[in-house]
Every structure is written in C-alpha cells, then in structure tokens.
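Next come two complexes, and both contain chain A; in the first it sits with chain B, in the second with chain C.
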Partner chain A sequence: MKKYRNWGFFIFLLPVLLWLFLLIVLPHIDLLIMSFRFEDDYGELTWGMANYKEFFGEPIYWLTFVRTAIYSLVVTFLTFVIGLPVAFFITKVVSVKYKGALTLLVLLPFWVSELVRVYGWMILLRESGVVNHLLLKTGLLAKPVEMLYNDAAMIMGLVYTTMLFMIVPLISVLDSLEDELIEAAFDLGGNARSVLFRIIIPYATPGIVSGSIVVFMLTLGNYLTPNLIGGKNSLWFTEQIYNQFIASFNWNQGSAFGFLLLILSSLIIWLGLKVSKQNLAKVVQ
Partner chain B sequence: MEYDLSVKNVTKKFGEFTAVDSVSFDIVNGHFFSILGPSGCGKTTLLRMIAGFEHPSDGTIEIRGQDMKGIVPNKRPVNMIFQHLALFPMMNVAENIAFGLRRRGTPKNEVMPQVLTMLKRVGLPGFEQKRIDQLSGGQKQRVAIARSLILGPAVLLLDEPLGALDLKLREHMKVELKKLQAEIGTTFMYITHDQSEALVMSDYVAVMNQGRFEQVDTPSNLYNQPKTPFVAQFVGENNAWSGVVEKREGNIVEITTSEDHQFRVEVSEDINPSSTVDLFLRPEALLIEPDPSLTDINRFDVVVNSILFDGASSRLLVNPLNSDKEIIVALPQNKQYDHIKPKDKLVVGWSEKAGICFAKR
Partner chain C sequence: MIRSLPQSKTYSRGFRLYILLYFVFLFAPLLITCILAFNDSQFPSLPWKGFTLEWFTSDRPDRVGIFHDQSNLDSIWVSIQTAFFVSIISLVVGTCAAFLFEQENFKFKQLLYFLMLAPLVIPGVILGISILMFANSLGTLFEMQMDLDVPLLRPGFWLVVLGQFSFICTFVTLVVSARLKKFDHTLEEAALNLGANRFEVIWHITLKFLRPAILGSAAVAFLMSFENFNTTLFLVGSETTLPINLYLQLRDGSTPVINSISFLLIVSTSLLALTNLYFSSKQQED
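So, the complex of A and B:
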C-alpha cells in the first residue's frame, strides 16, 4: 500500500520535475556557462568575466538596468495605489450581486492579447489618434501633440497591462476581511485614515505582497509594452538583452545580461519580503 | 435616578419594512440590561443604532443625557462587543487592547501600564504578547471585553458574543460576565435570543418581538408574570390552551378549553364571561398524581407519550385521554416517579393560582 502511494506521488510529480528541469534549469545552466565565455583578441572563446565587466564599464547598460528597476517599482506602487480602492469597492462597497459582474469587468480586457491592447492605446494616443482628434475638435489644442514615446505613456501602459494581477489577489484577501473588523476599529475611535493604515492594509499585506511580486516580475521582464509605447527612448533592460541576442548576435553578452536581471529581481523580491515581514511560501498560497 | 442610556420612540425603517417600531426605554447607571428576542426581531438593528452604525428614521437616543443625533460611531461614548468579537488578527493581545487608547492619543508611556492593568482585571495577566489565534474562545471573549472597557464607555453594547462558544464554556462565561459587570460597574446592554443568558445575567430584560418591546421587567417577573402571550411562550416553556370563559366568581374564572377540559383559573385581568382566552401553564406547575386531599386543583387524566430524560430538567410528554394534544410536565428526578413508563395512565393537576390567562384580542 505504502509502495503504491509512493509510485502515485512520483507519477504526478514527474511532469513538474521534467518541466522544471528541461525547460528552466537546463537552459539556465547553459546560459550561465555562456555568460562566462567571451571571444578574446584572437577570436577564440575563452573563460572570463569580460561580459560582466562590459556591463559595469558601459554606463548605458547599467543606467538602463537601474532605470528599469526603479520604473518597475514605480509601476508596482501605482498598480497598488489604483488596485486597492478598486478591490475594496468590489468587495466591500457594492452589493454582493454585482461583485461577480464587476470582477468580470476587471478581467475582460485580458481576454484580448497584450499586443492588441497596446495597439489600442497607440490608436488613442498617437499624434493622429483619437485623443488628439477630440482635443483639436474642442479647441483645447491648436496643433496635435505626440503623446506616445515618453516615460509617462510607457508607465501608464505598464500599469494598465499588469493591473489585473494586483486586483485579483487583493479581491481575494479583502473578501476574507470581515466588515465587523472595520466597524470595530471605528467603534474604538478609529477614523478613515487609521482604519486604512492599521486595519485594511496590514490585513491585506499577504495579498499586497503576492500581487506586487507578480506585477514587479511581469513589469521587469516586459518587452512588448516598453518597446511599443515607449518607443526608441524607452531604454528597458529587456531590450538590451534582445539587442545582444538578435541584433549583435552576442549570445554570451546577452546571457550575462539575462543573469543580471534574474539576480536583480530575486534581490528586490527578497528585500520586499524582508521589509513586509512576509515569507514566500505563505504569500504564494 | 441617572440614566446612562435613554431611548425615546426610536423607529427604523428599511424601505417598507419597519425593523424597529417606536421603542422607548431607559437604562439605569450600572445595570445589566438585556434585550431578548427571536432572530429578525430588530434587536441587532437597535443596538447598531445606539453604536451609531445605523441612523434612526425617527426618535432620539441619548447617552448620559447627550443627544447622539449626527454623532459618528468613533465619537460616541459607547463601545461594542461584536458577535464574532472582531479582534484584529494582525495584532497581538496588547496591541488589540491598546488600539482605542492610541486612537485617542493617550501618551505612549501611559498606554502599556493601562493595558497590563486591564489584562489583570479580565484574568489574563501575562497574555500581552500572545497572538489572537493562540487564544481559546473564552480568552478571546475576555480580550474583546478588555479592548472595549479600557476606553471607559458609558455603556458597553454586547451583540450575542456568547453565541459562538460551546455549551459548557457558555454557561461558565455567563456567570463570569455577570461577575465582571458587577465588579467594574459599567452599564451593559446585552442582546441575545437565548433566554437563559438573558435571565441569568440581567437586572432588567426587554422582550422584543417584531420591532416592538413586549415587556420590560426583571427576569423573575418575566417568568412569573408575563404581560403578553408572546412573553409567556417565548420566556421559558409553557403549555397553551385556548378556551371560552363560562362564568366568573370573584377572581376565579371557569374556562372550557377547545379540547373540552373544564379549568378554574385565578385571574387578575378583567376577563368577562363568554370571552375567548389563551391559557398558559408552566411544565413545573403540573403535579403528577396530586394528593386527593388537595383542594383548588384542576385535575385531568393523561396517557404518557414519552419520557424526555435531561437530568434536572427532565420532562414527561403526555396526551390527555382521547386527544392528540401534547402537554409537557416537569419530571423531578427524586426517585418518586421512577415507576412511570410510556403508555401509563396518570392523573395530573395544577393549582388554580398557577395558570396565566390572556383575553384574546
């Protein structure tokens, strides 16, 4: 009986292990090896840290790197600031019968592929786009303004793209927050501010952290939105990696960049968990 | 007399539905006042209006002589113990109790000593660092009470807080809550659907039904002298008959019930011959095989249907001869009645003074 159970356990675990090993671990080992190889002056592949030295030596690389990290944090924070009131409204303010429909409305845009949604934004914001057209018609603008290809548009696009991944965990955590708790806080002399910062946010912390991790990782590794909405000036680190692999055909340099991005995201998430006093196993539940 | 809470003609309507219908009462300082009623009778709505979470459609609520109209919950001198206690799970015991003091801006160095004193008072010294999920049901109860009492409310409002506890602990907490209230002297307003909780703990109980108060009285008066048929049936167990008054001799009326029993009952109310009445009788007022020498007793024959053994509150379920009507008779466990078995024929009787009669309206 015991033996049988062990076999069953192994059979169900096998696909996961294969997937992890073949598609994640193996390629990463190869990338790690590649990142420590470079062409020396004679065009021979040799071992060394040259790829990493290149990164720190060239300001455009590490500035893009820092910029990507900071903007990803900003995007994460903005999705939280917008997502919390939305999730609170859906779970606590409206009557229960509209809850499902409203959650569906949040979900609905994600039925469409990210590419299509981003082009949607571009149709709205470009120089000959809908927004410019309306502003010109109403006389608010004398001549059209290019609204795409700047940092603000790019951040807005990223916030929009990742919003769902913040709202869904927030809805599920706020769902379990009993109204009694909020009433009790008011009853004991709390005001809107202290209820928000002492009750709602501390209670929702596991949801906030898990939402933030997903949003942060998706933003940091996003390629499409910064590239299309941010344009040439977007300077997202994924574009640097893409350039190394595809444009320069320097896989070794690209691998090194890829690993640096992996280390960066791990480090920031570790810091975030430390600061919010959460542990990863609990947050991903 | 000083009143901590005074409610005058308070009405609450939700659309067409009247949840609380022109209710008035006063609570004397330091009393334990309960509102007893079936679920949906409007008692929770009434409590929430006093706490400030609902607004009366009409009438006034005064706390310590001050009108509460337009005053938000966090500015009212009352605190509430919620049905599920609503302890903050992300804070430890001390932080929970200190929550109100911190919101009030009590100086930091005064908060902790007060919390520790309060914990000692509710019998939980040394619990300040415990997490909420480490506490038992009874301990949570006490933390919730400490968290409210530390603010020194004029009235402590309790919304059926014992409902979630198991029977044994509930019995224990009843006594404890009463003791605690007597010790600290704060006015308690307690709402419940459990008559035993209300009767054991309260100085005064209001019985509420369909948004109205049926009777406000001491627990013993509610039990012994119910003023309405609803109170007679809701508080304690009662056997009920309906019948017609045949004649009246002084305080005694003779009634023929719909099952054709002839009963003589002493009444205080003005009940005239040929009016229809409801007659109520406590199970413990029914004597099994009453001594033939006793006078002023209504006797009738019954068949034992079943014996409901429940220790001190054991009962007999009997049917009058040739009738399906079930009558509950208290069965004292003093060995005297051990011979009784189902299907036995018995004579039961009750004193003319024991019945309670209400004229049907």
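So, the complex of A and C:
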C-alpha cells in the first residue's frame, strides 16, 4: 500500500517539476542573468549594469515605461467604472429570467480571438472606415477624419479587449450579495450614493481586486492592441521589448526591459493585494 | 435600485439605455466584420455593393477567397496542430498537478503551488522572451559541449507548443483541482478495500469523476492556444500560426479575406463556447 503511494507521488511530481523548472523558473533566471551582460568597447560580453543605465539614461525608454504603467492603470479604472453597472444590472436589476442569457451575451465576444476584435475596431474607425462613412452620409461630417492611431482610440481598444476579466469576477461577487443588505440600507435611510459606496463597493472588493489584477497585467503586457490601434504613436513598452529582440537583435538590452516590466507588474499586483488584504491563491479561485 | 425595490422611471430607463449602449459597444466590431465579409468590394469598407460569397469561394487572381488562400489555410492547419498538442500536454500535466496539490502532502508544497500560479501574473511577452532565450542558451550549450544540434530549441513549432503550454497548463490545473476538491474520498476507499490498487482507483473512479472538468478545460486550452499571440510572437519560426499570419497581413493593409476568416472564427468559436457552456451547466445540475 505504502509503496504504491510513493510511486504515485513521484509520477505526479515529475511532470509538474519539469514544467515549472524548465519553462518558468530557469528561463526567468536566464532572463535576469542576460540583463546583466553587455558588450563592452571591445565587443566582449561582460557583467554590469549597462543595460539598466541605458534605460534610465534614455528618456524615450523610461518615459514609455511610465506612460505604459499610467495608461494601464487608467484602463483598469475605466473597465471597473464601465463594468460595475453592467455586472450590477445583470445580477440585481434585470428579472431573473434574462440573467443567464445576458451573462452569456456578455461573455460571448471574448471567446473570439483578440486579433479579430481589434480588426473589427480598425474597420470601424479608420479613415475609410464604417463610422466615417456613416457620418459623411448623414452629413455630420464634411470630410473623413482618421480616428485610429491616437491615445483615445488605443485606450478604448484596451478597455474593450480586457473588459471580460473585470466583469466576470464582478458578476460572481455581486451574485452572492444578499438583496436584503441593500433593502436594509434603504430602510435605514440610505440613498443610492451611500448604498453604492458603503455597501456594494466594499462588498465587491475581492472581485474588484482580482479583476483589476488581471486587467492590469493583460494591459501592461498587451502588444497587439497598442500596435494596431495606437499605430506608430502608441509608445507601448512591449513594443520597445519587441524592437530590442527582433529589430535590433540586442537580447541583453531586451532582457533588461523585460525584467523591468516583470518587476513593475509584480510590484503593482503585490501592492493591490496588500492594500486590499487579499492573497494570490484566493484571488485566482 | 434592485428588482425587489420600487424604482423611478428615469432610473430604470437610464439603466436600460446604458446596458443597450454597452451591448452595442460589445458587438458592433464583430457584427460589422461579419457583414463586410459578404460585401462585393475589394476593400473591407462601406458602401455596400451587393452580397457575394466570393471572399470565401473565389479563385481569381484579383480575388482569392479563403478556401483557396494557401498561406492562410496553412496557418490555420498549423494553429490546429499547435492547439491539439498544447491541449493534450496541458491536460496530462495539469491533471498530474491537480492530483499533486489536492491529494499529496510534501515539503515545499506552498512554494510549488505559488510557482504554479506564477504564469497567471507574468505577461505573455515576458514568458515568450524568457523561453526563447533559455532555449537559445541551452542550444548553444549543447552545441559547444556535445557538438549536438537540437532543432527543438530553435524558434519553431515545438517551441511555440512549449511556450503556450507553460501558462495554459495553469488554467487546466485550476479547473481540474476545483472539481477534484468535490470528490468524495469514500469512493476511493471503498475501491481500495475491494482490492483495487491506486492506479486502478484513479483510472476507473477518480478520472471518470473528473471527466467533465477535463473535457471543459480541454476546450478552453484549445481556444487559448489557437488565439494566442503574445507568447507565440517570439517563439514562432517559419510555420506561422493563424493570429501571427493575420497580424502580418493586417500591418500591410487588409482585404475582405480577413473578414471571411474572422467570420468563420466567430461562428466556430461561438459554437464551441455554447457547447462548452451547455455541458458545464448540465454538469452543475448533476
């Protein structure tokens, strides 16, 4: 009996160890090591901080970095502000009959590839696009306007792509909020405002935190949406990483950038968990 | 404010309007993409020039429909193969991980569990570059030390499979673990008392119980792999997957053939999503 148990344990353990060490741990250690290597004046690889110095010395790099971080926070906040009423409507306002169907409709677009969704926005918004065509037809616009390739379009695109990851945790947390709590608050003289800020939002905090973490992480690491909707002006940090790896073929510099992005995302996620007193294992459930 | 309380007319109308606008926002890009796949025009834009199926079926030099577009058909086939292998490997390793974390106790279990969750918070781009570099370092090592050329370690099909597997496996682990938590251990004990060994128990009893979760996570794994862009971008070789191939075409301007591919993708993923939801709701009723 004992013997079988041990065998089973190692059969389960081995593939998991191989997965986590060969594909997660060692590659990231390699990333860290590579980021501290650089070519000196004689073209020899040596150890040092040159890649990080380059990052802080060149404003275009760290400004892009800061910009990406701030815009990711803005996107996270917008998905929350747009998503909360939708989740609230589905769980609390609409009659129970339609709840399942509406949830399904909210989820459906996100099964479709991100590329297809971004492409949809491109044919809607570009200069020869559908929105321009309709505005010209109705006479609201005299000549076509390029609506792609600006920050507003890019942020909208990012909100669109990550919306689901905010709405799903919000729906599941609001589902468990008892209607009686809200009724009691009104009986005790609360109004819509105080109910929202003192009942609904505090109650939904676990959902808000897990949604925010996923949205922030996905936005920060997004390449497709800034690149296609934001165009050349998008200045997204993942594009700097891509350029170092694929265009300049400077892997050491690219690793330093990658590691900085990893630190930023871990730091913000850690802060989010600390402030809301949650832990990662609970949040992903 | 909620359905059990009286609501003012403005409140409920305003709220409905907001939800309506939200759904327009959600579906407009997808609908327009589908509609323009059937427009008889050289460009994916209005005005409407009449209904045509040519962007699916045509084989003329100026208008190649998707069914004759070899480069896109090839990349669809590459994506299907990639997704197939990613799902299989993720299912095997993810199920092992679920058993490991739910049924075994060992030193460093917490640390290993934390590592298993890590791919959820590592941006896909970083996962891509670190796996690319590690494969490259290993490749150089093998070549220098043993004079061995390992094609597996160069960007290409199998590296894409490994890269996607590295984070999709976490999702499979979480889904299968959630189901395994609900497993009634007395069933296992009964089977063991009746003379079965541990593997017979797992094979005949536990895996049977896990089947809905395994099938559901297989569908999700397949889709996640099929659609993955960020990680694949750095690991892809000469055999491009569909998202990468579409991206390359989009950068150089677009033709309605992209709409027809999108239409097929939207229809097939919706069907897959609906089937998956149908079975998971049935599973909850059980």
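Keep this in mind: the second predicted complex is superposed on the first by the 265 of 285 C-alpha atoms of A that agree within 3 Å, B and C clash if a C-alpha of one lies under 4 Å from a C-alpha of the other, contacts with A are read in each partner's own complex, and residues count from 1 in each chain.
Basically, a residue touches a chain if its C-beta (ideal position, glycine included) is under 8 Å from a C-beta of that chain, and two chains touch if they have at least 3 such contacts.
The shown structure was predicted, so the numbers you read here are calculated from the model rather than taken from an experiment.
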Superposition on chain A - do chain B and chain C clash or fit: fit
Chain A residues touched - chain C or chain B, whichever exceeds: C
Partner chain(s) touched by A:V74 [first = chain B, second = chain C, both, neither]: neither
Partner chain(s) touched by A:G254 [first = chain B, second = chain C, both, neither]: second
Contacts of A:E183 with chain B and chain C, given as first, second, both or neither: both
Touching partner for A:M122 - first (chain B), second (chain C), both, neither: second
Three-chain overlay, vertex chain A: chain B-chain C angle, C-alpha, nearest 10 degrees: 90
Touched partner set for A:L141, first chain B, second chain C, both or neither: neither
Closest approach of chain C to chain B (Cα atoms, Å): 5
Common interface residues of chain A - those touching chain B in one complex and chain C in the other: 183, 186
Chain A-facing residues of chain B, complex: 51, 53, 72-74, 79-80, 82-84, 86, 88-91, 99-100, 103-104, 147-148, 151
Complex contacts: residues of chain A adjacent to chain B: 178, 180-181, 183-191, 194, 198-199, 202-203, 205
Chain A residues within the chain C interface of the complex: 4-5, 7-9, 11-13, 15-17, 19-20, 23-28, 30-31, 34, 82, 85-86, 89, 92-96, 104-109, 111-117, 119-124, 128-130, 133-134, 160, 163, 179, 182-183, 186, 192, 195, 213-214, 217-218, 220-224, 228, 238, 241-242, 245-246, 251, 254-255, 258, 261-262, 265-266, 269, 280-281, 284-285
Chain A-touching residues of chain C, taken from the complex the two chains share: 1-5, 12, 15, 18-19, 22-23, 25-30, 32-33, 36, 43-47, 92-93, 96-97, 99-100, 104, 106, 112-127, 129-134, 137, 162-163, 165-166, 169, 174, 178, 197-199, 202, 223, 226-227, 229-230, 233-234, 243, 246-247, 250-251, 254, 258-259, 262, 265-266, 269-270, 272-274, 277
